[in-house]
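Pasting the structures here.
In what follows, chain A forms one complex with chain B and a second complex with chain C.
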Partner chain A sequence: MGNLTKEQIQDRIREEAKKALATGEVSCVVGWTKTRFPDKTKPFFAYTDAECDLLVWNEYCINSTAKYALDDRYPEQKIGLITRGCDSRALNRMLKDNQLKRENLYIIGVVCDGKENPVCDGCQHKNPLTYDVLIGEPVEETINEKRFTEVEAFEKLSADEKYEYWAKQYDKCIHCYACRNACPACNCVECYADQYRVGWQGKAADREQNQVYGLTRVFHVGDRCIECGECERVCPMHLPIMRQTKKMLKDINDLFGNYECGLPDDSKPVLGEYKLEDPDEFM
Partner chain B sequence: MARIGVFICHCGTNIASVVDVEKVAKAAMQMPDVVFATDYKYMCSEPGQAMIKEAIIEQKLDRIVIASCSPRMHELTFRKMLKGTTINPYMLEIANIREQCAWVHTDREKATAKAIGLVQMAVAKVAKNKPLSAGTIPITKKALVIGGGIAGIQAALDIADCGYDVTIVEKEPSIGGHMVMLDKTFPTMDCSACISTPKMVEANAHPNITLKTSCEVEKVSGYVGNFEVTIKEKAKYVNHDLCTGCGLCQTKCPTKVTSEFDQGMSKRSAIYIPFAQAVPSKPVIDANACLKLKDGKCGICEKVCPIGAINYQDEERFTTEQFGAIIVAIGYELVNWEEMYPEYGGGKYEDVITGLQFERLVNASGPTEGHILRPSNGKEPKDVVIIKCVGSRDPKKGKSYCSRACCMASAKHAHQILDKIPNSRVYVFYMDVRTPGKGYEEFYDNTRKDGAQYIRGRVSKIYKEGSKLIVKGEDSLLAKPVTVEADLVILATAMEPASGAYELAGKLGIAVDGDNWITEAHPKLRPVETQTNGIYLCGTCQGPKDIPDTVAQASAAAVKVAALFSHDEMETSPMVSSVDPDKCSGCGFCVDLCPYKAISLVEYAGRDNGRKVTKTVAKVNEGLCQGCGCCNAICRTGCIDLKGFTNEQILKEVDALCL
Partner chain C sequence: MSVKKDSSWEPVILAFCCNWCTYTGADTAGLNRMKYPENVRVIRVPCSSRVNPQFILRAFQKGADGVLVCGCHPGDCHYATGNYYTRRRFMLMQRLLEYNGIDPKRFQAKWISGSEAAKFRDTVIKVSAEIKALGPNTKFAEGYYAQNEGGNE
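Coming up: the complex of A and B.
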């Protein structure tokens, strides 16, 4: 990116991964490796120098690496992560949510020019925001003018039309929780949906329970969504899940001013803190 | 298997006239686990309570539902009743079928169906109730009074006389408030300063009272019995521990600005004691006016001060103190009539003044030493117009409420003019004359006998012709336009809440109404309490009122505080939150959101991936928790539960109604 070619970046990633392992402080480096399909990569954990040479960097490095850090919340050694702008915001999300400790992470930031992923078109953070070492020259960021265009169009539908639309979507949903598993904001130790309680989230994959799950999910992540689009990408039934979180973000934007999550500042999610100047016209 | 008893109250005809109570009782008998249901005229009365107690024994009840008024009204009554029985006081649920049903509906059939639904929910919830027991916490026996007007002073004196410590926080350099600005007080015409300044002095001298002038409340945390209040002391630039109040500095100060105390009708120096009887009688420097502080020039006060009390480097200071109770007595301000009524000149005619300005004009210590003179030319006015309800009872331009004190204040002003200026004529434009108070109507009658002409109608325009003010209005009793050539016009402007009332209410966690007046807990039965335990109110911050009402309310609030302080410790509610540490993710959202700072993150020995690890989890301090439930709402895992309102209970209620 910028001053480096893809191959150069790949070489630098391998080099930095090896360097990190060589310090003895980092147990493994999470990145991507090739698969038997030329247009697919898969997440990959490199524990040795030889494995580091299997790390790749191309337009198909799509999966987010960040959430793998949650697999070991109390690591004995640091976890190394190849991190793009979106991954770094995911890490910031989990750091702010107290789920990770910065000292347990070794972040190899890579300036990213977008992947074969529709969500990359609206990327506002090509440069990693948090890193220990950066590969590539930082580029100028662009503002996504179309951030809420789709939501604005959808808002114009009547309540009945909207309900019908979502009812149809939730008839498709198979209640697999893939969206939750991929989401960096879904980072509870034990998800409410996994708990067994009478009258709680039903486990059946019918419209009613799917809707309860969908609605609860969007309120749980609504003000913390980093807009990485992983939920929608991993959905096997192709539900437009991002439309819900975008609606939440748009409303928050309208009420509380320009709002974006996952930035490395000490701001808090708006719905998780109370301020005297919060809008309260509805009261 | 629970044995639930359901008791339906008629509340006289309050409930029974709209809800078919017998039908509700019959329906309740069919609900799960209900073994007894009945209705009675007054459940809260002695025989009503006796009936419940009897049913508990005879029917071997282990929990009860009472369908009656709001739990705010009688939940405590019934809990107290249960203390003498075999049932734990928290094995009780109230179904509110009065405020939330009978009072808001007229259709008997539908209201009855709703009442059955509400009882159904309460029955489902009570089945999951668990016995709870209250703990105790100590009380800090020290009160904070915010505002040093007559309300605050009276409340502080009464509490102090009961033997408890009181701190008065006043934002101005002196206590006294508005009352000390007034000349005479209606209806007895005693001198306002003569009756209020002794109280100010008494407050200053009282061993139990600490005065904090030029101070404001910055931050409030904690809860009844144990508030933690951060007080901001503004920079005074004068060391009050050294200053003797000799006043030399203010006579030598070269900078003169308009006096707030004289309502802009005289000048004061930049270093100033606000008025002659100020308490404390020590000066402060107005940083916006002082040449030394603005430009670094001058410094005369420092040179003339015989004891070196002047300190130009003074800065604002913050102190944090513990208080057991807080009284809000922040008073009122007058509305900005200039903006509201451009047709009255909008402030461009000097001879159109407010009632408060007239008080200064007629006051012996005022700018004219008590002579009523026209501000424009210093001559005595002969024709004076008084306009009432300027900003009050005028929802289109001003406030919709009545400011209550102005009818009498205007009658007093008319009387004073007629008394002091021979052959003067006073015209009072009014909408209604409201004189409900002891001796008020008689005072108004006397003013009319003195010669004041009362004209029923509003004034539409005031303009100047030569040195005269032409007042155009309507006499609505004669249905004729009226024109008066006046020398002086006095506006009875509306009261509005003191600036900052809304922000202060936010800091204290108490409610305000649409006009920003502070809301009392109950308009009739709890008039000096706020919705927040341990915070009380008195005086005009609650709504417009005159001095007698203010003082009465102040003493009432003081009794509430004294009653609280008469105990060494108080019972805490057992309806508090608790965290399941194994489910908690330690995200800490509840910590930030808790209004009582009752939650903190602590270390906890847990397990992760088969290993023993030290987790960070939330923990509730049960002494601080007020059971508001904010943490429950924010907890995504659902690992926080509020005792008495558990997730399970609430889901059961929803199911009972919807399934």
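Coming up: the complex of A and C.
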């Protein structure tokens, strides 16, 4: 985390948020504020200087801020976002998907030191990748050797065991679509799951409709997953959703070379391009 | 659809065939009076990349025992690049289904051109024999609660 303490970072965040609002170009700054629980924060939209003083920075700032940029796709003023490494990757991917315009965003990057969230242990991008101002000294990134160990262990089970496991997991699903709503990769204006015509997504909360929803979402998210773990965190029924999305990422890594989503390069998304020398198993 | 296995059981195989290559190939097979198993139901699609991965889930749900996606060889696509996307998409889909307990033999993709009538026949014979050996597919099938009395324990 460089040389700044949490309190210093918090002060800097408030300062930068006020500075951004003072320019008149930014309408609000999205960050976190404290709640009545000491170990929880909530997302917070600061419109005034007084509200900027309510922004906090501690190990419980877990919610992703990136998705709030989608709430106003055509803003009159810029949207300010307090952005950690994971949020910046989400923003990068949304920019690549033409869901957002860079000129509509004012990004306050903060070097993150990990939160009280299990996925943060495997974080490979603590430094924000895209920002207008950066708070804190960039730290050295670590490579997560255990990125796919859980998936590899699960692959070794027999087909019936795997099916039974997932079928029981999907039995629990209640179709609240919280995973979709929290996921920065789920950025379609209209989701297929909201279609009401027969054949898209059955609305009954039974095993087969849940399986279709689960697997379709995994495939839709596919190469967009930034491994932020929001889907799993918000799931009220505790489905291990990341175990599915990471499987897609693992296969993409195996077949098409090292891949991480949301890096600020101009490479095309894996499922939106092809290479002539791709492996061919269908001859 | 019955899922009981008896001697007269025959698999239901759904084949998504690209209009420009495989469908023509199947047509040629018919013109040449080639014999292939009747298990296969051919669905004509404009391009193999028209096949949405969700179609495959739906097929298993509605009682298919196997799904086959066939298209032009890479480089021969009528729309120039469609089957390159198919290739990426279904290599991933096959692995994802395997991860969810579906045998990779139940979902296969093949390149069959318009002149390869014999390859179409051989593929269908091979796939239908493989799926016959695997038996009926109950995974992802509709009506789980109805057949197993009750839902969540």
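Couple of notes before you dig in:
Simple rule for what comes next: the second predicted complex is superposed on the first by the 281 of 283 C-alpha atoms of A that agree within 3 Å, B and C clash if a C-alpha of one lies under 4 Å from a C-alpha of the other, contacts with A are read in each partner's own complex, and residues count from 1 in each chain.
Here, a residue touches a chain if its C-beta (ideal position, glycine included) is under 8 Å from a C-beta of that chain, and two chains touch if they have at least 3 such contacts.
If you're wondering where the values come from, they're calculated on a predicted model, not measured in any experiment.
When the two complexes are overlaid on chain A, chain B and chain C occupy overlapping space and clash.
Touch criterion met: A:L215 reaches chain C, while chain B stays clear of it. Contacts of A:Y274 after superposition on the shared chain: both chain B and chain C are touched.
Contacts of A:E155 after superposition: chain C is touched, whereas chain B is not reached. When the shared chain is aligned, no partner comes close enough to touch A:Y47: not chain B, not chain C.
Of the two partners, chain B and chain C, it is C that touches more residues of chain A. Touch criterion met: A:N98 reaches chain B, while chain C stays clear of it. Stretch 505-513 is the one among 1-9, 505-513, 541-549 or 577-585 where chain B clashes with chain C after the superposition on chain A. For the contact definition in use here, the residues of chain A common to its chain B contact set and its chain C contact set are 199, 271, 274, 276.
Residues 503, 506-507, 582-589, 592-593, 595, 601, 608-609, 611, 613, 616, 634, 636-639, 647-648, 651-652, 654-655 of chain B are the ones that touch chain A when the two sit in their complex.
Residues of chain A touching chain B in their complex: 72-74, 97-99, 187-192, 195, 197-200, 220, 268-269, 271-274, 276. By the touch rule above, chain C contacts chain A in their complex via residues 53-54, 57-58, 61, 74-75, 81, 84-85, 87-96, 98-103, 108-111, 139-145, 151-152.
Residue ranges of chain A in contact with chain C, taken from their complex: 154-155, 159-164, 166-167, 171-172, 199, 206-208, 211-212, 215-216, 218-219, 222, 244, 247-248, 251-252, 255-256, 270-271, 274-276, 278-283.
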